[in-house]
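Heads up, the next two complexes both have chain A, just with different partners, chain B and then chain C.
Up next is the complex of A and B:
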């Protein structure tokens, strides 16, 4: 049943404006990061690592939550508009599968975006910063960790956009979420708050690995937040009346 | 005959206000059931409760002889096609893409898409984006979505909304032919009685969430005996006879024309004889037939049985 829902969800992305966003945001983020790096060469001496912090700092704090929020808001917007809630909820599928399908699609988009970010990072490193060699393999590992942390944010944004009919409000909340993530990290609660998890995973703006030794807790926190959001979504979908 | 839809004291209240009030709906297998009521009567809410989109405050719903609950929901929805608060669809996609999404969700073969497009006459526009469709075309796409997978039960909420007269006519013949063609039972709502008269076999009339009448269309039409217009040569003599028999009479605008309340055939026969004998000179007698609109009005105004 979930597979059918995912196929249906993927089909909705066809000819959708979401792809503009997919290409544009990482390019803006990479351009900004590279510019920052080149302007501050005297203090940023760690070459690929330094470029990484510049690329991912803004990406993981602002661009990424906003982007995931837009993906999530867009997918629910399709249902909020034109009474489509009625069609999907009157389909012979489990309501949670509809949510899970959207989760899979947003996660796929986010993962692709991550790949694209890494590609842009490597490209900028070679072309504009003229860095020697290739990015340390460790960094692609940071990216994977970031993706794991991102899953909790994706689920949270999907719940918000499912409840809030407006497109802009959940995106705005994601920006606040990003800032709250930084605050939580600075107070040492990085592993307790979903919006910090992604930043911690990415190791943005830190030369030392934030997660050094704390993997178990990091993964546990990601999984717990994810399960909590899915349970919340299931309860909401089952108990709330469809307001199309 | 078996009931395909059955509700038992179905209620829905929002913030203490009853929107659907102890609704007992009985839709017979193979029938086209017209669910009629003014806007805001609770038709959409009732239909959404049948489909499990809205949760009843109390009461129960049975579809195809099974209780609509969490356990049976998916099995029942698999045999049900619906169109609620239309029109729907993903505007950035073509009709075909829209239908393939629904086919996927329903878990049915995509081969059925061409068949339903043909039925609603959208084959030629199947590859156009739905955003460019007229309201009528979107409505027909909604019907096509409901028809996908040949469901045994169709629940259609105001499917003729937004259609032009030709479209309404087409939709009527399409819906009226459905039970014979596919064996499907249809529940269809409308706020226009006249639209329903030509396609339904059973009628339920809803107002302020309460069912005012439920039964075969013919039974509703029995209530349609209207006033009687009497044309006479001598009005004073006629009124004398009528008063003697205790029949309330109204003078009409036209001279020599009187209006009498509905009377049984026996009383009417005696009356005509007496009028003739008194020399009133009966020239014409016409029994007015109430339109369904008038019956509906009398039902909704008195909130009870028809007079």
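Up next is the complex of A and C:
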């Protein structure tokens, strides 16, 4: 049943306007990052690493949570319209399957975005910054860590969008979440707050690895937040009855 | 006028918009408070640092917040498919007037609370710099002007597409562009309305000591030209929104 739910969720994305966001945000981030890198070559001397910080700094801090929130809110909005909530609650599908299917689809979109960000980063590094060689393997590892941290943000946003029937409020809360993530990281609580995990994983604003020696805790935190959000979603979907 | 506004207040019942307005100023207090100065030198420069930071924070938060306000106002009519019914019960002018007054009041409330937060931060942290009253009023006017302009532009987008998604996407992409324009040559920021908070600001970094990581802030003259242009843009988007409501097929 989960597979059918995933197919249904994927179908909802056909010809959806969120693809504009998918392409636009990483391109703007890459354009600015490359421009800023080229303007500050006397300070930014770590070549591929410096370009990485410029490409992913604002993207991972503020705009990735908001972008994921748009994906999540879009998928839940369709259920909040008309009598669709009654239909999905009355359908012979486990409520958690509905949530899990949306999670899989948003995670797929987020991973594709990550891949696109890395593609743009490599392209800009070679074409405009004329950097030697290819990006260090460590950077693709940062990207993978960022993707792992992003899963917690995705689950949190799906829960918010499920609970709040407005499209815009969860998106705004995601932006606030990103800011709270920066504050939590600055106080050393990056591993305790889901919105900090992606930022820590991406290592977007530090020259040295922020997770050096703390991989176990990072992975544990990601898994715990993910499980917590799934349990919360399951409880809410089971307890929250049909609202006509 | 009281009637249409009263109807919008009734529609906003249990929508908790006031808490969202409060959230904006709370975030500012927490964000700026987290970077609060502690040494005497910094306290003597603290209002300048605060007045320099607020437009940057606004350029990140307010484009998305204004999209939120606009979408909350019109989305209920889209979801309920109520426009056809409403236009038979009341004039288009009265519906539009109610929405605009309610939205503008929310913007005033947000700016009022944000300015209140500035005073609160100064008291809590014991800033020793003389309170710049003129700069304070100018900042409030600029924040209101840019807020109104963004609100009406997002409202216009809502009316065109009848869907909150484009308005929110424009808000997010605009916030990103606005933030980036702050770090580009000054002329670039004039072409990015979402980031107008920054070129309108009258504070700038006068000196940054790389060795000691200390920043000295200076002031520049008020940007009356851009402020007038911002109000003009707000008026243009207001008029475009009104024309859209007038001509809208239901």
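The definition used in the following text is that the second predicted complex is superposed on the first by the 243 of 244 C-alpha atoms of A that agree within 3 Å, B and C clash if a C-alpha of one lies under 4 Å from a C-alpha of the other, contacts with A are read in each partner's own complex, and residues count from 1 in each chain.
Note that in this section contacts are C-beta pairs under 8 Å (C-beta built on N, C-alpha and C of every residue); 3 or more make two chains touch, one makes a residue touch a chain.
The shown structure was predicted, so the numbers you read here are calculated from the model rather than taken from an experiment.
*Asks:* Between chain B and chain C, whom does A:130 touch in the aligned arrangement: first, second, both, or neither?
*Replies:* neither
*Asks:* So in the superposed three-chain picture, is A:14 touching just chain B, just chain C, both, or none of them (first/second/both/neither)?
*Replies:* After superposition on chain A, A:14 lies in contact with chain B alone.
*Asks:* Looking at the overlay, does A:4 come into contact with chain B only (first), chain C only (second), both, or neither?
*Replies:* Once the two structures are laid over each other on A, A:4 reaches chain B alone.
*Asks:* Pick one for A:92: touches chain B only (first), chain C only (second), both, or neither.
*Replies:* In the superposition, A:92 touches chain B alone.
*Asks:* After lining up the shared chain so the two structures overlap, which partner does A:167 touch, if you call chain B first and chain C second: first, second, both or neither?
*Replies:* In the superposition, A:167 touches chain C alone.
*Asks:* Considering only touches as defined above, state whether A:45 meets chain B (first), chain C (second), both or neither.
*Replies:* neither
*Asks:* Give one of first, second, both or neither to describe whether A:81 is in contact with chain B, with chain C, with both, or with none.
*Replies:* both
*Asks:* Output the chain A positions appearing in both contact lists, the one against chain B and the one against chain C.
*Replies:* 17, 81
*Asks:* So in the complex, the part of chain A that touches chain C is made up of which residues?
*Replies:* Those residues of chain A that touch chain C are 17-18, 20-21, 24-25, 28-29, 32, 35-36, 58, 62-63, 66-67, 70, 73-74, 77, 80-81, 166-169, 171-172, 175-176, 179, 183, 186-187.
*Asks:* Can you check the complex and tell me which residues of chain A touch chain B?
*Replies:* It is residues 1, 4-5, 7-8, 11-12, 14-17, 78, 81-94, 238-239, 241-242, 244 of chain A that touch chain B.
*Asks:* Mind listing the chain B positions that touch chain A in their complex?
*Replies:* 48, 51-55, 70, 74-75, 77-78, 80, 82, 84-93, 97, 100-102, 104-107, 145
*Asks:* Which part of chain C faces chain A closely enough to touch in the complex?
*Replies:* Answer in residue numbers: 20, 23, 27, 30-31, 34, 60-61, 64-65, 67-68, 71-72, 75, 79, 163-169, 172-173, 175-177, 179-180, 183-184.
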